[in-house]
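Okay, got some structures for you below.
Both complexes shown next keep chain A, but they swap its partner, so chain B is in the first and chain C is in the second.
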Partner chain A sequence: MADAICRVLRDGALEGEHATSLTINDSVDSPFGPIVFDYIFTQLSSFISSGKSQSRGIVLVAFSRSPSFTVELLKSRGIDIATTHEWLRILDCYTDPLGWKERLKERGAIKTPSTEASLIVNLCKDVRNLDGLFSLIIALGKGLVGEGKSRFSVAIDSVSEMLRHTSLSSVASLLSNARSHAQISSVFWLHHFDLHDMKTNAAFEYMSSMVANVKPLATATNVLRENSENLSLLEQNYKRGQFHASLKRRNGRVRIMCEEFSIGQSLVKFTSMSARKNETAQSLVPKVQFNLQLSDKERSDRAKVVLPFEHQETEKSVQIYDGRKSETEGKYDSSTEKLQKQEDSRRGEIIYFRDSDDEMPDSDEDPDDDLDI
Partner chain B sequence: MDRPASLLDEALSLDDGDSNNLRPWRGRVVLVEDCVETNGAFVLHHLIKRFISPNLSSSDSVVIFVAFAQPFSHYDRILRKMGCNLAVQRENKRLIFFDMLMLECPDDGVEGGIIALYGNIQKAVEVVSSLNKNVTIMIDDISLLEVAANGSTKDVLDFMHYCHTLTTQFGCTIITVIHEDIYSSGDQFTLPLQMEHLADIKIKAEPLVTGLAADVHGQLTVLNKGRSDGLGRWKSKIRNFHYRVKENSVDYFYPGGRS
Partner chain C sequence: MATNKGRTSSFSRNFSAAPTSSILGLKYGPNGTIFLSSGVPDLDKILGGGFHLGSLVMIMEDTEAPHHMLLLRNFMSQGLVHNQPILYASPSTNPRAFLGTLPTTLVSKDDRSHNADAEQKDLRIAWQYKKYLGENKPHIEERDGKVEYCNEFDLRKPIEKHLIMGNRVECISLLDCSSLAGFRDSCSKFLSQLPRYDGNITSAGRIAIQSLCAPQCEYFDKDWDMLSFIRSLKSMVRSSNAVAFLTFPASLVSPSVSKRWQHLADTLLSVKAIPDEDKELANLLTGYQDMLGLLSVHKVARFNTQVPVILDATTYSIKLQKRRSLVLECLNQAPVDGSSGSSYGTSGSCSGSSKTGTLDF
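Here is the complex of A and B:
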């Protein structure tokens, strides 16, 4: 399913539509947003570098990790570094986002920061100016794919950092400008949703055509406080997690999917939820003395039980014991018509006489008030 | 190293391997969270000693200590009881001490205060790194840094971000302390949560759930988030144990592991 998301990002935007956009949400309980972001970034990169995607290049806006990290990442995933200059640009908002280092350098307080200035890395020294940042992104993208109809993708790591420097409205305007730009094929960003209020989270979800939530397996927030037995459970949260994704269609239909992921040797692996469901359910439920689940035999026995009224659908006669001994009990095999006739003649009747006409049937008066006790 | 590794060292992966045992720590951010009832300062003292201690085989490590909470003499007295002479280490340039007790940022911004402090730290890091030594930056504590920054959370986070760039550029380790209970939990976008996102290792000191006890002073929970990078992957682990602070040392033991 994570691959489904990658494919949608790869296919990009239709002519005259907004670019596809993806929000990756994570929280401190399951801090794997960056890893999922890396996964999607590398997948998309390999699509782009092999020319399989709509976009011809990708611009990474790096706020929370250094460009050297990204280069290492691509290397470790077996993507050819030699060709990166053809399809990758990194806008480095990590090394000196507020221009402190530059000011200190001017004053001679520190030496030249060894920024990895290269063909693909561009330094941004004032991230508070989002208009400047946006035009920088567009300029880098156009530098990659040229003017015209070719498109490029934009990856932002992360918008939580952007929100620290500016307001929500300016970040939102940057994202919506990026989405509606004719040369942008897809945009995706990372977002730590527990750092922001509901309003902010909702704003980002409205602006994205796909939302991916990284959630912990066990949602016990105060597990730590309880006992050490739960520690191993909590430890699982730092190895595995749930991946919920919703894909919004153009007509407003939303497809929701669930997957589980586990963190292996520096790689993230996605497995379908159903395959692991039983296993995790059993490992998450504390040991109890009674069965919470049915065995196969119990399950098949349960399927055989005929529930009351169930036979009405199967055109058999009604067999409900009404408390009276039926004469027809012995000769049940006779035709049902005869049986019904007999029952008609034996049908009971309740004859009810009202006590008096002046008293309404359900008056509030206490029926027992004339009793002399 | 003749003494047995304590539970804390084990939880922090400080005990594996004799040589280069600070190597897994390079580029990490460590957050010590404490509260009023259980002061986490002893964890910091332990780490100072661990990182500065001359009998480490990788003795080329330097600690840059940014003190907002206590004067030098305070740390010196405590560490001396633990068998580590800070004054000597300071003369040997193994400890670089920034006394920030009097730091006040000008009202008009962070220009003079925090940027200048960052400049001093980076300058020190540049000098030490050129000698090919491991650098550990310790900040005691973030909450008082926030006070010095006139209560501006944003400035503190900017400062921390810049310190974080030193971890990738020079491979520094950052160790910080934050008092968790002075921040209201209902308030979103708070400093502890931001710091937690930034940290690779969280050490939390808190009182026992069952209340006060005479021979247990509190419990420590060490959350070691795994992280993958060029130096290889660190497995994530969580440890929880009790501690008792004694005059010259601290005992660590598993719950119920002491009669």
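Here is the complex of A and C:
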């Protein structure tokens, strides 16, 4: 299922469509967002380097981890780094995001060791200027794939870091410009959703065609309790978690998928999850016509309601059966008889007033004769 | 002209100049109101005739599905077919490109085929009787060369080029407006050419605004600016011969602000996405396989009257009939097979990816 997401990113966007975009949400309860991000990044990189994807290159905007980390990561996953200069560019927003080191260097205050000039790493010194950042990304991408119809992908390591420096609407406009750019085939980013308010999280969900949530396996409600069960649950949360994804399909429907994952040796393994009851159906649809289902409470209430009945064609008087045996009431008393109330439940009452007490029920006339079927 | 059948009030209006209104694509309604078609025949029927002229229509978007775009496209295409001036605003850099995705009118040889099918069924299924009774009266009023009030649109084919050329549609990008003041001035200029008098109507116009509070707009966090813009738009539209159609993703603004937006609307609809391959929903509803989403009607505009509209149902399913035209259907619960406890819903293939033109996600 995480592989399904990677495949969607690999396939990219059709002509005239916005680029597919993925938000990876994590929180402090299950902080494995970066690991999932790395997984998806390496999957997509292997697709790109072997030429199986729509995009022919990928630009990584690295805010939270240094570029050398990424290179090591690719090496450890078995991707040939000798050829990375053909399909990978890293925009380094980690080393000197606000340009302070540059300014100190100019004044001679610090002497930095000579940074290795790498083919694939470009330094960005002002992350607050998002227009400049965007044009840098486009320039790097075009450098990779050239002009024309070829496309590239963009990965942003931690949009939460971007939001530290700039406002939401400028980040949102950068992402929407990326999505509508003709040469970008897919965009994905990491987002720590518990660091931001609801509006921000809703805005990122709005702009993504896929949302992946990394959640703990079971939420431990009371952490401080010295319960061995809870502790083992917490321990489990350090190694495992749930992976929820919702994909927006082209026909307008949303596909929801669920998986478990476990972390071992900084590698993540996805396994299918035990089936859970999906309770969205009833909540989504309002009271539908002809809903003849009775809830349990309704059923029990219905069973408790006692209906009055009259005997016809017999000499018996009108009775209201109220659960008590051998009860014979007079005609007039029965009309105002109240049902016996129980202390613990509210029962429905039927108070039956006859139209006319003089009229005897016509025993030889069938009232159904009036119906014309 | 006084009618003897079904008088809804003691007063009867002396209708005059009915032909001109059909040229403009307008229809007279009760209580001295005039209707403009929404472009979706089922929606016009649900709302009692269409959108009131002078009203503000709001659609609450669902962030997970682009169904509001279907309604928007039909609304704009209907305006183009009726030669009504249109102002279109969206938060994209090139809004004019959207015009190429508008649908064209459906040239139907087999007109109203689903009605014909209904007549031929000799076994009527009683629990769905509403489908077969009453609604067989064709919505199309005149057919020989005169303008229809509400067209059906074929979402698979783009609109004819000559309709979108020229200056018929004014396009504005919401990204250019750092505050909404400039946009408000453009709207007021557009509406000044459509003033409302007591005399005959010369023209009617449409304003279509897509995703007013999209996060990439600079004014996104200025809640009160957006609210005051909507209020002034509503008052401008009320005194002119136009309908303003606005979509907004309600979950992107805070709940209290969203409530204020909703209260400002004259007619309020919302669209909702449905999960894919959901077995529970498939058992609960008939026709789940063809459904794209759900449309809910929250508020219907009532002008010049105190009587509210009470609808039979407020939620409808959005479907594409023959994959090309938009229909809204009542939700019907699937019959439950008593023996096995599960419904015998249709076992068809999934609707797959029905191409409805380019969709933007």
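The rule is short, and it goes like this: the second predicted complex is superposed on the first by the 261 of 373 C-alpha atoms of A that agree within 3 Å, B and C clash if a C-alpha of one lies under 4 Å from a C-alpha of the other, contacts with A are read in each partner's own complex, and residues count from 1 in each chain.
Methods note: a residue touches a chain if its C-beta (ideal position, glycine included) is under 8 Å from a C-beta of that chain, and two chains touch if they have at least 3 such contacts.
Owing to the predicted nature of the structure, the values given are computational and were not obtained by experimental measurement.
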item: First (chain B), second (chain C), both or neither touched by A:F270; value: neither
item: Partner chain(s) touched by A:E17 [first = chain B, second = chain C, both, neither]; value: second
item: Chain B versus chain C as contact partner of A:S173, first or second or both or neither; value: second
item: Partner chain in contact with A:E235 - chain B first, chain C second, else both or neither; value: first
item: Touching partner for A:W100 - first (chain B), second (chain C), both, neither; value: first
item: Common ground on chain A, meaning residues reached by chain C in one complex and by chain B in the other; value: none
item: For the chain A and chain B complex, residues of the former touching the latter; value: 28, 31, 65-66, 68-69, 72, 94-98, 100-101, 103-104, 107, 109-111, 113-114, 160-161, 164-165, 192, 194-197, 224-226, 228, 231, 234-235, 238-239, 263, 265-266
item: Complex contact set, residues of chain A against chain C; value: 14, 16-18, 20, 167-169, 172-173, 175-177, 180, 198-199, 202-203, 205-207, 209, 246, 248-256, 278, 280-282, 284-286, 288-292
item: Chain A-touching residues of chain C, taken from the complex the two chains share; value: 63-67, 91-93, 127, 175, 214-218, 220-221, 249, 251-254, 272-281, 284-285, 292-294, 296, 313-315, 330-333, 351-356, 358-361
item: Interface residues, chain B side, partner chain A - complex; value: 115-116, 118-120, 122-123, 126, 154, 157-158, 161-162, 165, 168-169, 188-189, 193-194, 196-197, 204, 209, 221, 223, 225-226, 228-230, 233, 236-240, 254-255
